[in-house]
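Chains here go by letter, A, B, C and D, matching the order in which they are written, and residues are numbered from 1 within each.
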Amino acid sequence: MLIVMQAGATQAEIERVLARVRELGFTPHPIPGRHRVAVGITGNPGPLDPHLFEVLPGVKEAIPVSRPYKLVSRETHPESSVVEVGGVPIGAGHFAVIAGPCSVESREQVLAAARAARSGGAQLLRGGAFKPRTSPYAFQGLGRQGLELLAEARAETGLPVVTEALDLHSLEAVVELADCIQIGARSMQNFSLLREAGRAGKPVLLKRGLAATLEEWLMAAEYILSEGNRRVILCERGVRTFADHARNTLDVAAVPAIQRLSHLPVIVDPSHAAGIRHLVGPLALAGVAAGADGLMIEIHPEPERALSDGPQALTPAEFAGLMAAVQRVRQALAPRAEPAVVPSGAPGQPS
Amino acid sequence: MLIVMQAGATQAEIERVLARVRELGFTPHPIPGRHRVAVGITGNPGPLDPHLFEVLPGVKEAIPVSRPYKLVSRETHPESSVVEVGGVPIGAGHFAVIAGPCSVESREQVLAAARAARSGGAQLLRGGAFKPRTSPYAFQGLGRQGLELLAEARAETGLPVVTEALDLHSLEAVVELADCIQIGARSMQNFSLLREAGRAGKPVLLKRGLAATLEEWLMAAEYILSEGNRRVILCERGVRTFADHARNTLDVAAVPAIQRLSHLPVIVDPSHAAGIRHLVGPLALAGVAAGADGLMIEIHPEPERALSDGPQALTPAEFAGLMAAVQRVRQALAPRAEPAVVPSGAPGQPS
Amino acid sequence: MLIVMQAGATQAEIERVLARVRELGFTPHPIPGRHRVAVGITGNPGPLDPHLFEVLPGVKEAIPVSRPYKLVSRETHPESSVVEVGGVPIGAGHFAVIAGPCSVESREQVLAAARAARSGGAQLLRGGAFKPRTSPYAFQGLGRQGLELLAEARAETGLPVVTEALDLHSLEAVVELADCIQIGARSMQNFSLLREAGRAGKPVLLKRGLAATLEEWLMAAEYILSEGNRRVILCERGVRTFADHARNTLDVAAVPAIQRLSHLPVIVDPSHAAGIRHLVGPLALAGVAAGADGLMIEIHPEPERALSDGPQALTPAEFAGLMAAVQRVRQALAPRAEPAVVPSGAPGQPS
Amino acid sequence: MLIVMQAGATQAEIERVLARVRELGFTPHPIPGRHRVAVGITGNPGPLDPHLFEVLPGVKEAIPVSRPYKLVSRETHPESSVVEVGGVPIGAGHFAVIAGPCSVESREQVLAAARAARSGGAQLLRGGAFKPRTSPYAFQGLGRQGLELLAEARAETGLPVVTEALDLHSLEAVVELADCIQIGARSMQNFSLLREAGRAGKPVLLKRGLAATLEEWLMAAEYILSEGNRRVILCERGVRTFADHARNTLDVAAVPAIQRLSHLPVIVDPSHAAGIRHLVGPLALAGVAAGADGLMIEIHPEPERALSDGPQALTPAEFAGLMAAVQRVRQALAPRAEPAVVPSGAPGQPS
């Protein structure tokens, strides 16, 4: 924390700031300047609220200088983490694609989608059984029955299942029947749910909130890690801006920025960012080129018949075509990406 | 829904669109234009997903023309609603102020704050017992004990209590001990919580999400009303933008815009929008001048000692001064505001 | 500037930072902390680019601690400024309303609007002769002829004229025929135009850019003041956000925030923020309640016939009604506002 | 235009709308619905202002259904355009990289940068001679002397020059000495400058404004085309959002979205989006993978010594490394990208 005094701050005002810092148990370091005095603080165990000092007379600003997160930080864990989902590794050079329908609608649909996911080259199956819907009148998902259909599709295709939990009730079912708990964008700051997901003993896919900063997103992950669960995968899915040509604005810079701040794997969901099919491919490839550790893509055997988000779902053929392009881009990047991310012999190294 | 065909759409493409509309059970109305054809749709019970049609060949755009909400809409309920909280009416000309500390910290603090709220002119007491905190390491509130302290403050001052529920667990305690369930900005799309709040038999104060459109906000309220609870108060608390001079950007236009779309009362929380004390007064007065049905303001007997959000809390003296100004501005608006909002003899008329 | 080193920065990396600071001619102040070292910098004449240091090895972040503007700053000029436009004072307790049509369309229209402005209580007349239009095919204004019509309206009503200059060509005509040069939102960072406006010898009304921070806005004003022209009025007119219920999001907190940072008067344009008539009144009153030094409002004798922005223009009767409410709110605020803003005997005191 | 009436609109209100449409010279098409009536409009030469109708009693909303731009639209010009800059083609499968320093600082610096640009694989040279700076006290560029140094670098390296014009004065010099006129983000709606650039007889690189929608951006291009200059290249450089981990948020979806709406080439500037070196490479590759027709990248022989934007400039070695990766990603995309964009035998086909 650095406290910047106003240009005309009196000696008494400065003394009061120093006294307040000592009173809180920390050490103040006055820095005299040409126009004003600043006061550095050391000895604090973690970040302080700037406003603690900004309310004192003569103080112009208090500026935090340390990050509030710890367990997710690359400073405390320099090697990239590998998170395994049902035996599929993600992160530190391991790339994985999660594909499947927005919602589980029927046995036939989810099996067809799972086969298309596997034959297109996906390693994991997605599908919503509990759906967060803006309208109370919209289709809310098949619930537990949807999870059972996903489990059946897993039995047939061998693809582990990633699916969203909305609340404590659906979390229980997801933990019982699926391989990875998805926390959606609208739930990113549902702190009770984050804590429970942290205790559930399954890996967690944490989507970025619609208007979340990277710090808030990492703090949400910190909730999960602080409960003892280090198996968190972050997922960029676009943020809300004034732009209206896509459903959300894919913040592709978040991928390398997160990779610098945190050891956790980060993947990209181009489907929810795009909102419309013809943007999904370009955004998927952009995410891969920016260094994402994986993709999450919506596919549907018959998008025109989908009960939710059909227009952004790829057909099996489109998905297979995109996966081939993803593969080629991954190879094009290979000489550049791997060595930098995983130092030889590091814990995160691919086996 | 209006479907706009591309300039060069073929007759076969147009026929396919008409067939698809009929297949869904609705009636298509082709509108030939100079450059292109459009197709209106009637007979649909509610809004359709534009993408249902945008995936068809030759379609340029599909434009929704009806609103997705019903119970909250002023179209279906033209008179402004009055919501009572512990006997205090809000809406349709009834103005109410909710004041109190960000967090309940101690008996002494909450009693001092409640007395300051009452003597300053507030009708309701706020105070957080269950706190949504960005960091898992920050103070999370006193929980049930906090609610009991609030109940004690209510017993002494007579002010009904508004306090936040974060999840089903805290909701139970809030319903038992408080008078109004607050749903915070981060929980605006926690649909399980909204449904439970709708069944809880207490009025609900629903804050706007950080990046929520008015439609999403009203749809969140629709979740509560669709469970049979019509006692919902909306609260504008600022949205997230690029601007960095306040914690959030108070969207004061949301007040008259909501009042046109919905019959529900809408109040303003200047404290969370401001994030810093010196902006609270101007934003509170701006909200009142824009026609808000009430205010929610953080006060603290000793802001410098607050465990959370101290820098935005007003002192008892500042609060009393602000309330006097609010009162004067309310009177200044009086001849203009009331008659327009509450037609004589209407259900929403103040008694 | 405060440079924060990474947790594991080496002594050599710290030395290099110290050397770089000295090389730039400034003084480094190392501040050792528990986890990391920070380095304060003094002796710099103005703000430094943080990236100067962030590119050095071992540096985590460089944080600016002084503001880049000077002449507009309240630190260098503590009293509120009064800017006179054609004899009408604005700022430091002097409140003024600028009203008139979006575009000058005809002699009849501008004279009718000017009479309505005066009789409603405006002190100044607005009207666009040179129009910035998103489309090259839209009405671009009457140009010099429009200015002449405004001058004619001034001659009849006595209201000084505020009108937009788009470029050096139109600036010349505006300086010749009008009383105040308006710089529009789209031109806020047209630095050539700002410089020329600074040399033109007329007061300048500077609108905030669509996505401008307060710092960028004040720096744009600094361009004008740095050419020797201190007569600048700032105008908040809404910013661009995700919100879609108004044309722009009026950032009402900008008013008190600017008044704290700068001595320049700041007014509010509710018409462009609203984009639709029924929001204009509430936003105007909100701006007044937040402490604005004036308003700029679009009126039109027959809004349904306006060539531009008709839907947001008030009729003469609506304007007169709003002005009465503005007057009442101003009086309601009076005991609170003035003493705080204008210290007794200060240069900015109203006569 | 589709006019949607309120649920309870009277027959008289509907008649008035029909009459108004006819009065404007267009043809109304009433569409009766279950809950309300809508009115389609045909016969209008271009887009209408929705507010023309929204001010009429009984009207709920007026929804535009045609795009306001023409010459830039792919509907009117289905083949992708190729724009040549000094003999270098861009667009329709032709990919080009523009590299060079943010600002021209000295002969030595610009020559070193130009050599690095060429040897790294760039086809065009950039460099600012006239700089738009937020602060009047910052380095404003070398002006005409800078252009002469760029011309000297072109003479040595053979790279055509792209450089920014800020106003009519600098435009003249840019047209005289450079090969392509750059219009910066802050000038995107400087309509006088756009018109003059349209008349200047040189290709124009038009950057997207900080908060511009695609429609506004395309309308700005329309200004240039409407003056007879079809040689416009669009450049996405990030938009302003709440996100704070990069200088701007690169909106990578704008690339495929523009390519669908317009025939003009669109390139990506990762340097201004990133604001910091370590994000430039990932964003450049993301832009390429999304289908951009080129890149604009800042390089500097000694970034630590740069007078502006040094922290985002790549060193010559970093640039060469990035270009190799760009080349590999381009090849990886090749089988997918070209056939879709340029139909065999189409005018835009690469030779």
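The working rule: a contact is a pair of C-beta atoms (placed from the backbone, for glycine too) under 8 Å apart; a residue touches a chain by one contact, two chains touch by 3 or more.
Computed from a predicted structure; not experimentally measured.
*Asks:* Which of the two pairs, A-D or B-D, is linked by more C-beta contacts?
*Replies:* If we tally the C-beta pairs in contact for A-D and B-D, the bigger total goes to A-D.
*Asks:* Quick check for the class: compute each chain's Cα centroid; which one is farthest from the centroid of chain C?
*Replies:* Farthest by centroid: A.
*Asks:* Hey, how far is the Cα centre of chain B from the one of chain D, in Å?
*Replies:* Computed value for the inter-centroid distance: 38 Å.
*Asks:* Centre to centre, by mean C-alpha position, how many angstrom separate chain C and chain D?
*Replies:* Roughly 28 Å, centre to centre.
*Asks:* Can you work out the whole-Å distance between the CA centroids of chain A and chain D?
*Replies:* Taking the average C-alpha coordinate of chain A and of chain D, the gap between them is 30 Å.
*Asks:* Mind pulling the chain B residues that touch 2 or more other chains?
*Replies:* Touching at least two other chains: 211, 240-242.
*Asks:* Show which residues of chain C lie in contact with chain B when the two form their complex.
*Replies:* 211, 213-214, 239, 241-246, 249-257, 260, 273-274, 278-279, 282-283, 285-291, 321, 325, 328-329, 331-333, 336
*Asks:* In the complex, go through chain B and note every residue touching chain D.
*Replies:* Its residues touching chain D are 2, 4, 6-8, 29, 31-36, 38, 40, 42-43, 61, 63, 65-66, 75, 240-242.
*Asks:* Enumerate the contact residues on chain D facing chain C in the complex.
*Replies:* It is residues 46, 49, 51-52, 54-56, 68-69, 132-137, 166-169, 186-187, 189-193, 195, 209-211, 216, 219, 222-223, 226, 240, 275-277, 303-304, 309-312 of chain D that touch chain C.
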